[in-house]
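Here come two complexes built around chain A, the first alongside chain B, the second alongside chain C.
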Partner chain A sequence: MVNAIKGLFISCDIPMAQFIVNLNNSMPPSEKFIVHMLDSTHIFVQPHVAEMIRSKIAEFRDQNSYEKPA
Partner chain B sequence: MPQVRIVPKNFMDLVAALPAAKLDKLYDSVFICEAVLRSLPPLAKKYVLQMLFIDFPVTAKSMEEWVLADGLSKHKVAIDRLLQLRVIHEVSESGTLPREPMPPNVTVRLPTLEDLEVYAHQQWECFLLQLINSSQAERLTSFSSSTMRVFQRGLLSSRENEAPKLTENGFQFLLMDTNAQLWYIIREYISTSEDRGVDPTDLISFLLELSFHTLGEAYNLNTLTDVQRNAIKDLADLGLVKLQQGRKESWFIPTKLATNLSVSLTDSSSRKEGFVVVETNFRMYAYSTSRLHSEILRLFSRIEYQLPNLIVGAITKESLYNAFENGITAEQIVSFLQQNAHPRVAEKIPTVPENVTDQIRLWETDRNRVEMIPSHLYEDFPSKDLFEACCDFAREYNCLLWEDSKKMRLIVRGEFHQQMRDFLRRPKQ
Partner chain C sequence: MAGGDGDKGRPPAKKHKTAGPARAAAHPVDEDDFDDADDFDEEVERETKKRDFTKLELKPDHVNRPLWACADGRIFLETFSPLYKQAYDFLIAIAEPVCRPESMHEYNLTPHSLYAAVSVGLETETIISVLDKLSKTKLPREMIDFIHASTANYGKVKLVLKKNRYFVESPFPEVLKTLLKDEVISRARILPEDSQGAEAFNISKRVSEIGGGHEDLLNGVDLAVAAEEKETHSFEIDPAQVENVKQRCLPNALNFPMLEEYDFRNDTVNPDLNMELKPQARPRPYQEKSLSKMFGNGRARSGIIVLPCGAGKSLVGVSAACRIKKSCLCLATNAVSVDQWAFQFKLWSTIRDDQISRFTSDNKEKFRGMAGVVVTTYNMVAFGGKRSEDSEKIIEEIRNREWGLLLMDEVHVVPAHMFRKVISITKSHCKLGLTATLVREDERITDLNFLIGPKLYEANWLDLVKGGFIANVQCAEVWCPMTKEFFAEYLKKENSKKKQALYVMNPNKFRACEFLIRFHEQQRGDKIIVFADNLFALTAYAMKLRKPMIYGATSHNERTRILHAFKNSPDVNTIFLSKVGDNSIDIPEANVIIQISSHAGSRRQEAQRLGRILRAKGRLQDRMSGGKEEYNAFFYSLVSTDTQEMYYSTKRQQFLIDQGYSFKVITSLPPPDSGAELSYYTLDEQLDLLGKVLNAGDDVVGLEQLEEDSDGKALVKARRFTGSMSALSGASGVVYMEYNTGKTKHGGLGKSKPKDPSKRHALFKKRYQ
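Let's look at the complex of A and B:
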């Protein structure tokens, strides 16, 4: 019988995909969220991690920022 | 001309007493027309023949001028008869205003056009400043706080115990040009007028009437109805008119903002002078003294110095990220910079350097590097045909996100899951 899994379809560029894979690998086994790695730019993950991925990407982006003191 | 009356006088009275539609229909016949013409008093006959060859309406005043002074009563009789018989219609003049500008001997010291411009600008800015941040306005307008709240409704969101914060719409409102902002405020004003007990249609017709007044001319306040008088006070706060008090009378003077009301939104003939210069090193120089401009620039750039006539700032990644968090798009920022470019750089092509505009857009897309779509994955198909059938079904509805024929996996959009389930549960043909 056909199996249906609910999740999130992510499409991004290759560096971001690798970032997400890295994030996944750094999680303890109970919290890994990648269901399937489809190809180098598409990933299928569990639905609850959307916000977490977004905030991690924002954090990563902010590491490159320097705010000149006013 | 023989004064032959073919029909007795009372028949014409009968005709005159017919309802308007029937009378008009009667005039389709040539004989009726001639009969009516013959029955008219001589002066009326003369008028009809004279106006036969004139295409546009003749004013009643000029018709009176055709008559000598002692013939005025005959003139009145003739006109009445003509109106009764619906030979002539009264057409209301659409072109004249209900009031004339005041004579110059009463209104001494009218403000010049530049003064008026400055006044309108000041009032409008004060109003806008109060709108977005009441603590910063130097002078409060006389709008009650409830009316201000109404205007702020779509633009600011206030939670309790916190100062009201600008919403996304609020930012976009600030970056629009003056005409668009004016129309938004006027629309809000009109739509809430019912709550204040003012008929919106009255208000709309008054505003449109106002837009046809001459810029810079003074009009007496006593020609306004009470409703209009209340509205005028509000409009003075917005900068649409300037109120002035003479010794005996008071008058109002429409400013450019009022006369522009009837101009369409896309007309850019009233473009004010720009003040922003953007350099290729991302520095920005704004030649302006206005607090409002400084606030707007603070929305998306980092202000470094504020000099008496100059605001120096820089467009940085952090300041732009701030703006994007608040809902402003890169397009809005770029178009604001282009529309308000200082005349010295306005002729250059492009007005804003391309490296700056490209970088602003790149920084915006940088925030959206990852696209996430809620979806469902289907695997473990018993047969390839079923897999193909499902793929085609999903493709029809444009919901197919991914298919992998080797592993027989299918990903469709989340909304489509129910339909897909039903499709799979159907008995196979």
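Let's look at the complex of A and C:
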């Protein structure tokens, strides 16, 4: 019997994959979204989390970049 | 009008720690725009579009004129113009440099910069007419008004110490009359015995100064000291009232800030010190220029001279002392630089050994003779606690003496309250501050304007590089990706205190560092300094790579031994330094710096570290542009990507970028084909390292804190503290300060509240600022 799950395939670099894993771990059990960790740069996640991951990553990167004040 | 404090209507800088989810929602970031650099560029572009300069009117012969003047006080200078040199000298006198890349400089007119201009002898009308001559466009009305408004009162009044009598001097008798209407000032006035009435002032002729030189700028005539007779009016004031008079003249009261000058040639009271520059001491053009600003009219002005590290600040200091030829008190930041200053005095001047003395906790040399040079530290003078009998005697001497010149090194590292204390303790006719990095937006830096004096001269780093006076440095930022395991730990909440240790100990960073050390040692035969603020990392790196290291607790003997080996032995080519090496240790041999960890976002530290390798090396013709070696020094900053370090690193570079340096980003270090010859190749080794980092106590992995008690004994202990973002990033003057004991215990009172003048010792009543 084959189980088909609709999902989202994420391809990223190693640190970002770790970031997403960490994000997943910080969620309560009902909201965990990683379906399968394929390898260290590819992740299969539930389809509705794309926006959330994007905004979290944007926020994280924002924190690590410096903008020169005028 | 935009002031110097960055209030140009841009949104406030992103604050790292305050960036919460709410903020992210308020400023949605374009999803595709994850690249930091693009993000920044777009930001700037949007910003520029807001400014509309279409109203500026071009002059018909604008091609021949070098600069653009905008209504908001900003001035842009084309460095490729034939008039660049003259225009630069003029602009640096009247405006603050904002950013000085290769072809186009940006300056900003601020009230402070105009105050500095007036104090070196430029007059309002001269400033406006020269600016108008140099500008491609008609000078905007706003700018002219701003100059008038800012300079209306500056520089109109001078406080002159002549034959140990204080005079208030001004070319405008009406200004003096205004001042005398003030009760405090009129009471302080001493009427001359033969005076006919209160309205009469002493009138004297004096030689006018640089001012006239600028008129001839367009004819290509360099700044010359034009001799021009001028009348000045003056009245004498009671020495005991000097402080009160000065306070009345500050902008918040009468608003006639006083300039201070010292007529040292006519000072017959203080004994002369017989010292000359040795013939082999040849000041370079920019050193001459900075001195000419100081001695523009035959008197000595107080102020600050800004030169990059390695450009010969000490020669400027020694030359100034040689011109004034009076007793000189030289203040440095620590015992090592005290030794270096004493050495510089002996090296460049004909001063006899018995005329110079050092006063540090280990070295309490008595001074002999009537006049001499004393070299000491800020701490020794400002120390408020109990001293040993020896030092008490010496400090009494320092207090009792009237100093011709107070020479202050590295004025940017000393907090304002320490200055107040030092300046109140020592009576000096003239104060000269020297620094490489006057980080300008800092509130404490503006204090210096009134405590010491205006900025007299600031050199352009790139011009000095082109002239071969300082090394041409290739700056690079090496991006090291975090390994999977380290990044996973970095993200965990429970490791928040170990974040720094984790990104510094990133195995990829270690490998990049090892690769660079090998490359420079073996391929180029360079001498390398590796900087790490994090003691844990410093020890781990140095042990693993088997290199000598120096940090706060390293004894003086050990330091000397390691530095000697580094300078002389062909086998010791790399040393590891903690932040003790930032300022004080002079290592002229080194030409490569690898920075593996740093003090958060301190721009000052970045510039000071670069300064360690700026001293020019090799033959002059090779160094000149077009010579054999394009770059002869290398500055690498290793950064773990995706971590806080990226934020700090960009911030730290700002000062150097404003000086015209550019940072090259290197992403492929070590090269992909490198394998087990570099450490931490296998996963097992990496995990082992990770285990060590995680098992180390929080207190071990923190920053090194250096403390030096005020009588000079170095106490070193690790200490953690919580700080505000501005403090961590170097914007607040408290950070990156190595000298902070004593003030809380002993100096707490003295630093902020000036003592009641009536209770002050008679010696200080005379003059206090």
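Note that the second predicted complex is superposed on the first by the 70 of 70 C-alpha atoms of A that agree within 3 Å, B and C clash if a C-alpha of one lies under 4 Å from a C-alpha of the other, contacts with A are read in each partner's own complex, and residues count from 1 in each chain.
By our rule, a residue touches a chain if its C-beta (ideal position, glycine included) is under 8 Å from a C-beta of that chain, and two chains touch if they have at least 3 such contacts.
Just so you know, these numbers come straight off a predicted model, no measurement behind them.
Chemist: In the overlaid three-chain picture, which partner chain does A:Ile57 touch, first (chain B) or second (chain C), both, or neither?
Modeler: It touches chain B and chain C both.
Chemist: Check the residue A:His48 against both partner chains and state whether it touches chain B (first), chain C (second), both, or neither.
Modeler: Neither partner.
Chemist: Between chain B (first) and chain C (second), which does A:Cys12 come into contact with in this model arrangement: first, second, both, or neither?
Modeler: Touch partner of A:Cys12: chain B, not chain C.
Chemist: Give one of first, second, both or neither to describe whether A:His36 is in contact with chain B, with chain C, with both, or with none.
Modeler: First partner only, chain B.
Chemist: If we overlay the two complexes on their shared chain A, which of chain B and chain C does A:Asn3 touch? Say first, second, both or neither.
Modeler: Once the two structures are laid over each other on A, A:Asn3 reaches chain B alone.
Chemist: Touch check for A:Glu67: first (chain B), second (chain C), both, or neither?
Modeler: both
Chemist: Which chain A residues contact chain B in one complex and chain C in the other?
Modeler: 13, 16, 54, 57, 61, 65, 67
Chemist: For chain B, which residues count as touching chain A in their complex?
Modeler: 317-318, 366-367, 369-382, 386, 401-402, 404, 409, 411, 414, 417, 420-421, 424
Chemist: Residues of chain A touching chain B in their complex?
Modeler: The touching residues are 1-13, 16, 20, 35-36, 38, 42, 44, 47, 50, 53-54, 57, 61, 65, 67.
Chemist: Give every residue of chain A touching chain C within the complex, in rising order.
Modeler: 13-19, 21-22, 26, 40, 54-55, 57-70
Chemist: Could you pull out which chain C residues touch chain A in their complex?
Modeler: Going through chain C, the ones touching chain A are 6, 8-10, 12-14, 16, 19, 21, 24, 28-29, 31, 34, 36, 39-40, 43, 47, 481-484, 487-488, 491-493, 601, 641-651, 654.
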